[in-house]
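You will see two complexes here that share subunit A, one where it goes with subunit B and one where it goes with subunit C.
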Partner chain A sequence: MNIKDQGTRPIVTEQDIVLARQACRKLAQDCGLRLVAQTKLVTAVSELARNMLVYGGGGDLHWEILEDGLRKGIRIIFHDEGPGIADLQLAMTDGWTSGNGLGLGLTGAKRLVNEFDIETAPGQGTRISITQWS
Partner chain B sequence: MNFFPDETGRMSQFDQSITDALIEQQSSIQAAWLATLEESGAVRGVRADELKKQTADFLKLFSEGVVESGGDYWGANGWAGTREFLEALSHSRALQGLDAQQTATFVFSLKRPLFDLLQRETSVPPASLVTQITLVSELLDMMGLHTVRTFQKARESVIKRQQEELLELSTPVVKLWDGVLALPMIGTLDSQRTQVVMESLLQRIVDTGSDIAIIDITGVPTVDTLVAQHLLKTVTAIRLMGADCIISGVRPQIAQTIVHLGLDLEGIVTKANLADAFALALRRSGLTVTKAS
Partner chain C sequence: MERIPILRMGEILLVTVQVEMHDQLALTLQEDLAERISATAARGVLIDISALEIVDSFIGRMIANISSLSRIMDAQTVLVGMQPAVAITLVELGLNLPGVATALNVDRGMKLLLDSAQRQ
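Right after this comes the complex of A and B.
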C-alpha cells in the first residue's frame, strides 16, 4: 500500500470544519469515490472534525491518498491534544453524549466509513483514523 | 520610528548627488523599472499605458518625497503624496483581481533600478554607499508593506460586503400557496446562520398563519448530526405552533448517509423533491390540481 499524496490542515474554528469538508469532498472526487461514498466520508469528516473542535479543543486533520493495487482510497487522521476519552466503550454507544449533541457522531462516523480506528486515553488526547476505499 | 540614526543622532539622509541623480535620471530609472516589472510577471492584466503613467507618477512622487523629507522615515509628512498614491494603486489592483504579491511587486521591483543608480554614482564614498543602499531598501520595504496592508483592507471590505449580502440572500421564506410556506436552505447549516433562518421561518408562519412549512434541503451538501439536530428542533418548534412540516430534497446519497449515521427521523414527513412535498401539502389542504380542459 502506497501513500501517493498527503497533507495536514488545522481545525481550530467552526469555519475550518466547513473548509475541511470541502477539501475532503474534492480529494474524494479526485480519488474516484462514488457519490454515496463521497457523501459518507464527508459526513464522517464533519462529525469527527466537530468532535475534535468541541471536545478536544481543536487539533489537526491529516489526509493521505492511498493506493493499494487497483483500488484507491483516502485516509483521514484526526489528532487532538485534548482531555481524551475516559470510557471509550460508553462513548461508542449510540445516543450517549457528554455534551448536548445527539450522541451519534462517533458511532455514526464509524458506520459511514470502511475502516475506523481510535486511540485515546485520559489526558493523552485522541487520535482517530478513518479510511474510505473506492 | 528612528531607522538609522548616525553618531549625532540625526536620521541618515540621502546624499545630495543621489537626490540629484534621482531627479535627472527619472526616465532611465523608469525604463529599467518597467523591464523588471515585465520580467516579474506582476503586471499581467494592467494596460501598458496605464502602467507607464503609474510608474512615472510614482517616481515623481518618490523623488519629491526624497527632496522634501531628505530621506527621512516613511511616516514623515514628505511622504504623504506617495502614501496616497500607493493606497489608490492598491485599491485599483484589488478591484482588478490581482493578488497581494503582484501588487507589492510593483514597489519591490524598483529596488534593483535604484541600487543600480546608487552604484553608478561613483562620487558617493563607499562607506556612505552602504548606508544609502540600506536607506533605499528600508524605505521601499515600508512602502511595499504599506501597499500590502492597504490591499488587504480593500479585499477585506469586499469580503465583508459579500458576507452581508449572503446573509440577506440566505433567508428567503417563500409563500407557495395560501397556508403553504417553503424555505429553500442553501449551503452550510451548522453556523450562526441556521438560527437566523429558522427564526425567520417561525416568524413567517405566525405572520401568514400558514399550516404547512416545507424545508427544502436540496442545497445543503452535508447532513450530519448537527444539521439533523437543527432540523429536528425546528420541526418540533413548528409543530408546537400548530403547523406541519415537510422536509424535501432528501437525495439518495443523503438518505443513505442518514441511515448509516443512525439518525431517527421517524415521525417527520420527508420527500425526495420540492414538487412532491408541494403536492402533498396541497392534498393535505384539500386542494387538487387538475388539467384545464
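Right after this comes the complex of A and C.
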C-alpha cells in the first residue's frame, strides 16, 4: 500500500470543523469515492473533528491518500493531546455521552467508514484513524 | 453575525438552509425561530435542507430541537428536501429524528402544513 499524498490541518476552532469537512469532501471526490461513501466519510469527519475540539481541546487532522493495487482510499487521523478516554468500552456504546451530545459521535462515525481504529488512555490523548476505500 | 433568513408566508415560516451549517449558525437559527414563532403566531415551520450536503449529529439534534420547541409553541415543523446520500448516512449514523415530520419536497411539505392548519 502506497501513500500518494498527505497533509495536516489544525482543528482548534468551530470554523475548522467546516473547513475540514470541505477539504475532506474534495479529497474524497479526487479519490473517486461514490457520493454515498463521500457523504459518510465527511459526516464521520464532522463528528470526530467536533469530538476532538470539545473533548480533546482541539488537535490535528492528518490525511493520506492511499493506493492499494487498483483501489484508492483516504485515511484520516485525528490526534489530540487531551485527557484521553478512561473507559473506551463505555465511550463506544451507542447513546452514551460524557458531555451534552447525543452519544453518536464515536459509534456513529465507526459505522460510516470501512476501517476505524482508536488508541487512547487517560492523560495520553486520543488518536483515531478512519479509512474509506473507493 | 451570520444568520439563516426566516421568511413568512401567511401562517407558515419558511427556512431555506443555503449555506454550510456550522454549529453557532444552527444554535442562532433555533433561537431566531422561537422568537419568530412567538412574534408571528405561526402555525407551521418548513425547513428546506435540499442544499445541505451533510447532516451530522449536531445539526440533526438542532433539527429535532426546533421540531420539539415549535410543537411546544403550537406550531408544526416539517423537514423537506433531504438528499438521498444524506438520508442513508443519517440512518447509518443512528439518527432517525424521532418526532420530526418530513416531506420529500417543499410542495408536499407546504401541503402537509396547510392541511393540518385547516383541520385545527
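FYI, the second predicted complex is superposed on the first by the 134 of 134 C-alpha atoms of A that agree within 3 Å, B and C clash if a C-alpha of one lies under 4 Å from a C-alpha of the other, contacts with A are read in each partner's own complex, and residues count from 1 in each chain.
By definition in this document, contacts are C-beta pairs under 8 Å (C-beta built on N, C-alpha and C of every residue); 3 or more make two chains touch, one makes a residue touch a chain.
Only a predicted model underlies this, so the values are computations on that prediction, with no experimental measurement involved.
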item	value
Three-chain arrangement built on subunit A, subunit B and subunit C clash or fit	clash
Touching partner for A:42 - first (subunit B), second (subunit C), both, neither	both
Touched partner set for A:94, first subunit B, second subunit C, both or neither	both
Touched partner set for A:50, first subunit B, second subunit C, both or neither	both
Touched partner set for A:107, first subunit B, second subunit C, both or neither	both
Which of subunit B and subunit C A:18 touches, first, second, both or neither	both
Shared contact residues on subunit A - subunit B and subunit C	14, 17-18, 21, 25, 35-36, 38-40, 42-43, 46-47, 50, 94, 101-102, 104-105, 107-108, 111-112
Subunit A-touching residues of subunit B, taken from the complex the two chains share	188, 190-191, 221-226, 228-229, 252-254, 256-257, 260-263
Subunit C to subunit A touching residues, read off their complex	20, 22-24, 53-58, 60-61, 83-86, 88-89, 92-95
Contacting residues of subunit A [partner subunit B, same complex]	14, 17-18, 21, 25, 35-36, 38-40, 42-43, 46-47, 50, 94, 101-102, 104-105, 107-108, 111-112
Subunit C partner contacts - residues on subunit A that touch it in the complex	14-15, 17-18, 21-22, 25, 35-36, 38-40, 42-43, 46-47, 50, 94, 101-102, 104-105, 107-109, 111-112
